[in-house]
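Two complexes follow with chain A in common, the first pairing it with chain B and the second with chain C.
Presenting the complex of A and B:
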């Protein structure tokens, strides 16, 4: 192994641990492009319907952005490690439902609002992380590819949500919960501000810490990463548990917004997360992706949703717009890759 | 090393494409079927003793069908029959339903209550069942050719939509000559129940409430958070919005949350559909002006009763070819007893 590394001085691992300045600038371009796309969207929607450019609409957009960016960041880490997590959407619904049952029971038992909500968020992230742990165990020890492993947990979690709730929403939790999702400072509600802090932490994790270096290394070349002394299996556990943790947090976010848990919450949301990640410039082949890209990718998706409703265009057009964005982003990614390969 | 990296990338890329394809088909992962329950009653005066009655419904996850199951379980137990209750866990589609019907017919039931997810696609299954000597009834929806079907029992979605229009008009204090803005939250453009309810609603508005303008509709794709986003944006776009018709439980939950968060409870009339227990509670607090409830348990009871009458060889002249069970409007004037009666089990 080591000799092979010597023979290939420009092996992917070294490339990623110390990204070349050109790769860096190319990625920076993608972020700038996304920012321009987003600004053009905001301008376009505002010109068509001036009410779009308001704190109210921004509040709606951020309320959608919060849970999406949470699971998209989890998805980003998984994608950078050359995996995929299809279970995040089902995880959102399942963790929200379990927490809703817990909070309903506590409220019925007369427990006050704040401790109930704190236990609720704890239940969400624990349940979410456990689903992530199951994913990792299936990948590491049952030797399933991530697509299949997370397809298994997607089915199990969404099925269990329906079985446990019989399809009905579960409410009856703390009465004040729903008011937490109301904008607090400008368009930002308290949960959205928490999400912004989480985004900052995730940025540091991925771009400034060993966790991130390992993740990129595994996604670029798992064999080389193992040869370099990284405990790949252990890191896979961390990655999928973190993705599950973030999905659980998104489940709690939805709980606050809806004042209850719903078994169909988050259904199919894994595809929105993957879309945000791909639009943000990550490559499904692994080793590439930035937090800032995913954050903007998620923001663009939620801006389209609200924008189309406000200007009064059939929201089904969102799918078409998103499809075009994915095609463009993936093409840029492919061009960048082939350019890199030619050197 | 390089080769293996490439192959891994390939796998992931294929996986990504496959997941998009899965999404494009709108299919869920749970295409398997689950036998929910089968119990046999032992009532003395049963007319259906030892008979097997199969129920194949649309989608197990829907509380509507859960409520129907209660009626089916009750009535089969009372009649001394064995109930075979089956259907796809989540998907309301002929593609998943047809194999379930085949599987059920292989168990040689005496009677079959079928809730066809498509009037034409399920027709051959009815022909097959009747050829095998099984007596068939339809509930909720029906196959195109009703000649071989003993009876068809349904709630009336168009009537439900019309009742929702009346409830909205009451909720906003409708007066002729005044203009009102109303929006409708739907699940999808194609769900037949949605279409029928919306048509009933529009027809009633046009006929009786010319001052009401339906300014917008949007789709939730069965997700309450999407319904919530839709309503939040409507409240921004139409600050003078008067009413919301949330066409199903999911839209009801999303709209109820939006009104509560924005402090608009009671200011914007909200009429929902389906009596989920937690939504029924919100009638008391004024979040829902009214809920339109169906009575799936009664639909199931009547279907089982009709089948048992036929199977026991009794006089079948009392069995009607088509029975419509009216929807019920639940609002703050509804008695507690009625609220309990019509609330779906969960």
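Presenting the complex of A and C:
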């Protein structure tokens, strides 16, 4: 099929033959594989436990999935650009705490619930984006590699959260907040539906718009991107700020679930985000990854966690299952690379 | 000798140091419209460094760059591209994970009309079609525009890189070893592309170690040795032996 619309090169260069075997095309379709893995998990847990296949459990799974997929999508764009963002988990806690202070003050001053919550979400995403901006400035101008730059902000943000709160959650915000976290349509709460909209927007901007094109180009070959006239530093700022923005949004998600801002919210979640991204088929070397893969990766992680608890297995097994999934995904990635890349 | 126009691109007394390494040492050269200048020299002579200064990828330590007689300072490749100076770099000019058409349009993406375009959405179909046409027009082998560059052979990649540079250049085109990785026939096509660019009135800087190609396609040859311009003369003054002698330093004036 590749030959009909292709002009034959005028010299005998090797034509790349489309992979035809079923195995190869299955390997090439990470999303399909992930969907199958997820369905098998759902089936397995449902057979093991009569209560697993229910709206309640699905509601819990999606409530866990919401904040995870938010920060995982931020991690995804960073990883596609050949970077890494270790600060997203700490960002969740810090932005939630700062917003909790703000909302507590507003509530004490007698401001109504809805405007307080709106200001709260604004504070979360502004604080989150600022942490992302600091990451980008450290990378662009202090010339730190992303790993170190975001390790710095991880430490600073999580430390600040604990200092400011003395380790205790900040409560006393608007009363209506926690009500938002209950399922609204089927298993989906209003915040989860917002997350689904965010997923759609991210898909469009990453796969259909110039923002995504530049992100892939920078991760694929930063020199080529710069040589093509792309302002790489400016795009790095956008990428890390967007990742921070999404982490801030996840911070607000946790605030709603808890009814307060806890300094420990999001603790260690950067590793779950990286796991979701890698299981979803992205390559840490950059240039590769899809929103659909990350969404499924996050769904698999949260399904495993809930499922193991419900069927009565020690949930610590989750770590082992996740480790195996990462190993398999990374192996498939390596195989795909060695087969696809003619040179 | 063919007609040649005004001087379009010029460097005066260009120096470039990388730390202690002096990669370019007081180099000067001129390029006229409709002229092909061959830039030759041993490995490490400073050819790629000169190219990077001319394309805005690196900034010279001192010296001047003039386009159409006006002194310019390229702070990034973007500036040079905007001014009509296109460059094919020796290595890594393409993003391997992106498709052929995405590479051809990299940094100059076409957007959808209306509000979607304002939001940055890409007119992908239109770019695919145009990329195919642009590469076709240049007259070099055209791989499918939807395929990712990593799946192409070395020769096909080079074809895409050349096609992109020629399709966008409006003033000057700089080709750093464009016939690398190519068989004899494909290399012949590249020389033909250079000839066509020259006929369109572009200034072309052609870098190659294949001296017969240089003698065949250029009007003038500039020889670099250890970062210095040691010879700048019409191509008709040289044959392969004398050019080789000048490059290696066996022949000096």
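Simple rule for what comes next: the second predicted complex is superposed on the first by the 313 of 343 C-alpha atoms of A that agree within 3 Å, B and C clash if a C-alpha of one lies under 4 Å from a C-alpha of the other, contacts with A are read in each partner's own complex, and residues count from 1 in each chain.
Quick note on the criterion: a contact is a pair of C-beta atoms (placed from the backbone, for glycine too) under 8 Å apart; a residue touches a chain by one contact, two chains touch by 3 or more.
In this text, all values refer to a predicted model and were calculated from it rather than measured experimentally.
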item	value
Which partner, chain B or chain C, touches more chain A residues	B
First (chain B), second (chain C), both or neither touched by A:209	second
Partner chain(s) touched by A:217 [first = chain B, second = chain C, both, neither]	second
Partner chain(s) touched by A:288 [first = chain B, second = chain C, both, neither]	second
Partner chain(s) touched by A:187 [first = chain B, second = chain C, both, neither]	neither
Touching partner for A:230 - first (chain B), second (chain C), both, neither	second
Touching partner for A:176 - first (chain B), second (chain C), both, neither	neither
On chain A, positions contacted by chain B and by chain C	11-12, 220-221, 223-224
For the chain A and chain C complex, residues of the former touching the latter	2, 5-14, 16, 204-205, 208-211, 213, 216-217, 219-221, 223-231, 287-288, 340-343
Complex contacts: residues of chain A adjacent to chain B	4, 11-12, 49, 51, 54, 56-57, 59-60, 63-64, 67, 82-84, 86, 145-147, 151, 154-155, 158-159, 162, 165-172, 178-179, 181-182, 220-224, 254, 257-260, 262-268, 270-271, 274, 284-286, 305-306, 309-310, 312, 315-316
Complex interface listing, chain B residues touching chain A	1, 4-5, 8-9, 11-13, 15-16, 18-20, 23, 28-30, 60-63, 66, 89-90, 189, 216, 218-219, 221-225, 228-230, 232-234, 236-237, 249-250, 253-254, 256-257, 260-262, 276-279, 281, 344-346
In the complex, chain C residues that touch chain A	55, 57, 76-78, 81-82, 87, 89, 92-98, 102-103, 106-109, 111, 119-122, 124, 136, 141-144, 147-148, 150-156, 159, 183, 185-186, 189
